[in-house]
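Below you'll find the structures, each written out as structure tokens.
Common to both upcoming complexes is chain A, partnered first by chain B, then by chain C.
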Partner chain A sequence: MGLRWYHFALWAAFAAGMFLLPEIVPRGTLRTIIFANFLAIFAISWDTLSGRTGYVSFGHPFLIGIGAYTTAILTKRFDVPVEISIPLAVLMTMVGGLIVLLPALRIKGSYFALVTLAMMELMYQLVQVIRPDLTGGTRGMSGLPTLTRGAVNGFYMSTALMLSIAFTTWLLMKTRLGTALSAIGMNEEAVAGSGLSVTRLKLVAFTASAFTAGLGGAVYVHYLGSIAPRALFDINFVFTIIVAALIGGAGTTIGPILGAFFLTFLLEYLRPWLPGAERYLIYGGVALVLYMYQPKGLIYLMGQAVRRVRKGAA
Partner chain B sequence: MLQVLIQGLLLSGLYALIAVGFTLVFSVGRVLNLAYGAYLLIGGYAYFYFAQSLGLPKFAGVLLAGILGCVIGLVKYRLIVKPLKGDQVAIEIATLILAVVLQSAVILVFGDSSKILLPIIPGVERVAGAAIPYSNLFAAVASWVILLALWWFVKTTHTGRAMQAVSMDAKGAAISGVDADRINMITWAISGTLGAVAGVFFASYTQLYPGMWVAPLIIAVAVVIVGGIGSIIGTLIVAHIVGFLEVMTSAFIAPELRGVFTMILIIGILVLRPKGLFGREEI
Partner chain C sequence: MALLEIDQLSAFYGKAQALYDVSLQVEEGSIIGVIGANGAGKSTLLDSVMGLTKTQGDIRLESASISGCKPGEIVRRGVGYAPERFNLFPYMSVRDNLLVGAYTARDDIARNLDMIHTLFPRLEEREGQETSTQSGGERQMVSLGRALMTSPRLLLVDEPTIGLAPKVCLEIADVLRRLQAEFGLTVVITEQNANFALTLAEQVHVLETGRIVASGTPAELTDDPRLAEAYFGH
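Now for the complex of A and B:
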């Protein structure tokens, strides 16, 4: 499996560093980190499906939305406790992952990306029309039960969730299964030719991605306490998730986390200088230039820098 | 019934114009330009600025919008599509990012609130109880004229036939002495112009707001997917299927559901017949 003791040491150091943060940084930064954590979860989920297998999804909010809406409806309309509704939401999202899998059995590349985009738009329109008494229609729902109170607790919860998801995904990708998934991204025919069931591998990737998306979406809704269709099934939201995964480095586990933190803090630190719409222009511009310069992402650039320093030292 | 027929025809003509610029780039360059909707956005706002803020003649407004779209198409091809060297997924993602950047640029210049375009030609004609603004009629007629001109251009001129050749087989076209790079440039320029002009008409149909690029992009995607790549006739037919589907849904079932069947159509066709209804054998 290629596991080394220092891998675990690095993870432990990362986790310890994260959990020490509330002692060091102010409250406002903690709130920013919370959003970065959730974005990181979504980006990891997207990467599990798209970054590894090469089936690029433009409709990831479809999955996140299933998780978010399931738990929101259950807790708000049927008074189901959060401890039950979140697992149910995750299960529902995994069923949603199977729906996304169906087109992936026949089509790939651009066409698959478009089907997922259509799925997201379909979900957006249906949520507003079908049973608005349940979904809250165009306005969505508010006053949902929240899991935590205050920035510090929210920080601990989101960080713990993000770290456990990241660590599990990383372990999963270290197994032969993860290798096979990356191989699908490189050459699907070759994987099938090696006697592996491509369909079964895709099934695993899609349900794993859906699991993460559903869990992240459900907890996110109970952090915010509200849900609205336009904020969720939005092409700008897709953009943020994909860019986070790609800027950080697709096909890795630490990359999407790095990308999510980089983008969230970029947006946050631009705020004092550019309070208005200029911020998104710069933000998108930075993303575009970085992506055009190095599609493999920040993690690759950092690796390159490390290699260069080592070469200089030797 | 007549009302549905007329509205369907008018809307479908516009949809065909929106989709044809997208399908051109898709079939010649094999790339999905997800920033296509941004041409419509920029075309609509350019018309608003030139014709309504500066008070230039309306025709000049449409013309300037078209020129701006053409320039943006060329710049986009040079700076984004060409450096990525045909990596389809990378181009899709880069153009998606670009679309969001352009959207925020529009918000920066014109603000977040929606604007209403004055009708290109004022006045309303009443047919069988249905009010048909001359503007919409003009948009539909202009769309048809542009589409026929484009069809003539692609079928008969030397450049148009070179475009067809590149879309069928880029290597074969190169061997026959076609400069694929030049053809791609021309295609992106035409696509940008068509998109921007379609944006003027689309904005006068609905309204002008920074998020208006998403809906036409999805329509273009739907038409191209269902029609199949490389088929202008297929694009026309499917634009009418989509247009009539929308008009009939909002007339007979519920206006809120108008987009739902379009989405179901996309998903269904792509899963059952990935080549589209009229497309060539290809991935």
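Now for the complex of A and C:
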């Protein structure tokens, strides 16, 4: 629906621009972009479920964690090659997430948010106490096989993954299915009244979101080469994902990418002055002001700017 | 031949009962009005036909029971629904709102869009506009259009004139008549605006606190004291 040649041209230009970056930016910046890419993947995953359907998840690291721990355990404890462990991790995230969280999709609003938050907390506790010989307990695991070495290769890998996920999600959202998913977030009753199965649509949104979270989580641990439960199931991590999607522009594909890059660089540039968790106060303030000024996010502000320029040129 | 038969229908919201043993028939190709004051159960009646509420009793479409069917199945069998106060997707364009309705009738999209653009040329002109920025009349057109995208034979319209200017009400009435005359649709409308329903419908049922208290042609009901009682309580 509404696919035009210039959409594909813009995607191609975006990808080309990204892949040229190693030629023009320093290695340190590339490392920051790698983290922005992964945050963008997680924010897209969150947005596919929460931004579109309005079912706000506060426990997305639960899904990311299933993917990350599955591949970490398989490679570290059972010597399964990464090429096999990552697809298995994605599958496990989709199936495990469905079993645990799908019943929660029957409840709405703050109750759904609380259930997802509880699931994240539950997983945090479980990985520490159940079979620490497998999960690494409170310390997690290190020495996991890495997919790439060096900032440039890491950048190419994370960028290719982020762009592939973003483009696929964008295409999905351009279909009638994508329109119906967005419709749920705006008016679930009207979707049902139009004869669509809301349950089936929510299942699709959840599965797509879990696929992205599982894939992102699995590749992330094989970029880092380690996994630590305290970092993965940190409430600040949840908020960073949500804020990235919201200030970038929830319910869009480019919005979460913009938000992820904005937040990652903001946090990085604040580091010299505020090395501790105080940075999150600053970004919380920035996010609040941005969100109050324009709830549709940075993507909408950019759209407005483009429209103004076009108007001025005409 | 009756396209829709409602037999001894009761509807519930949790423990609260909203309809009591409602029975009525809708003949194919007719326009039927259900009128009543706020809280009479008009929207509940249409929601019940669509499978959106918990019900007892039987609802039959072309003699086949649709009681207990899911809304998707009921839409596929040929019932379209334009709910009260438009119930649109506010941040979507007119076109996307219509296409959500097309989800169950994928083969007829082009034909249905043509029909909607013939009935509402304004929607074609503004197909890219977000519905949150439209007037009440335009939103009602989108709501009717979305219901028509499901390729219905029976169209249920809940309070089509609520909050609309008299001129727009006339336009809506004209469209509903054209749907009946030119496209062969059967139409059921609910209305608080008794004059609108009595002008448009061939048969009218008066609903009061969940029960049908009077039925008849507009001519029969115009001077019926039960109509005034249903609205004014005396």
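Rule of thumb we're sticking to: the second predicted complex is superposed on the first by the 291 of 314 C-alpha atoms of A that agree within 3 Å, B and C clash if a C-alpha of one lies under 4 Å from a C-alpha of the other, contacts with A are read in each partner's own complex, and residues count from 1 in each chain.
The definition used in the following text is that a contact is a pair of C-beta atoms (placed from the backbone, for glycine too) under 8 Å apart; a residue touches a chain by one contact, two chains touch by 3 or more.
Predicted model, so just to flag it, every value in this text is computed and none were measured.
Taken together through their common chain A, the two structures put chain B and chain C side by side without a clash. Taking chain A as the reference chain, the count of touched residues is higher for B when chain B and chain C are set side by side. In the superposition on chain A, no contact is made by A:228 with either chain B or chain C. After overlaying the two complexes on the shared chain, residue contacts for A:176 are found with chain C alone; chain B is out of touch. Legend: residue contacts after superposition of the two complexes on their common chain; A:186 is shown touching chain C, with no touch to chain B. Once the two complexes are laid on top of each other via chain A, the angle at chain A between chain B and chain C, using C-alpha centres, comes to 80°, given in steps of 10.
After overlaying the two complexes on the shared chain, residue contacts for A:111 are found with chain B alone; chain C is out of touch. Contacts of A:285 after superposition: chain B is touched, whereas chain C is not reached. Residue contacts after overlaying the shared chain place A:88 against neither chain B nor chain C. In the superposed pair of complexes, A:194 makes contact with chain C only, with no contact to chain B.
Superposition on the common chain A brings chain B within a closest Cα-Cα distance of 9 Å of chain C. Within the complex formed with chain C, the chain A residues making contact are 1-2, 176, 179-180, 182-183, 186-187, 189-197, 251. Contact residues of chain C toward chain A in the complex are 50, 52, 70-72, 74-76, 81, 83, 87-92, 95-96, 99-104, 106, 146-147, 150.
On the chain A side of its complex with chain B, the touching residues are 54, 56, 58, 102-103, 106-111, 113-115, 117-119, 121-122, 125-126, 128-129, 235-236, 238-239, 242-243, 246, 276-278, 280-281, 283-285, 287-288, 291-292, 295.
In the complex of the two chains, the chain B residues touching chain A come out as 32, 80, 83-84, 87-90, 92-94, 96-98, 100-101, 104-105, 107-108, 112, 214, 218, 221-222, 225, 254, 256-257, 259-260, 263-264, 266-267, 270-271, 274, 283.
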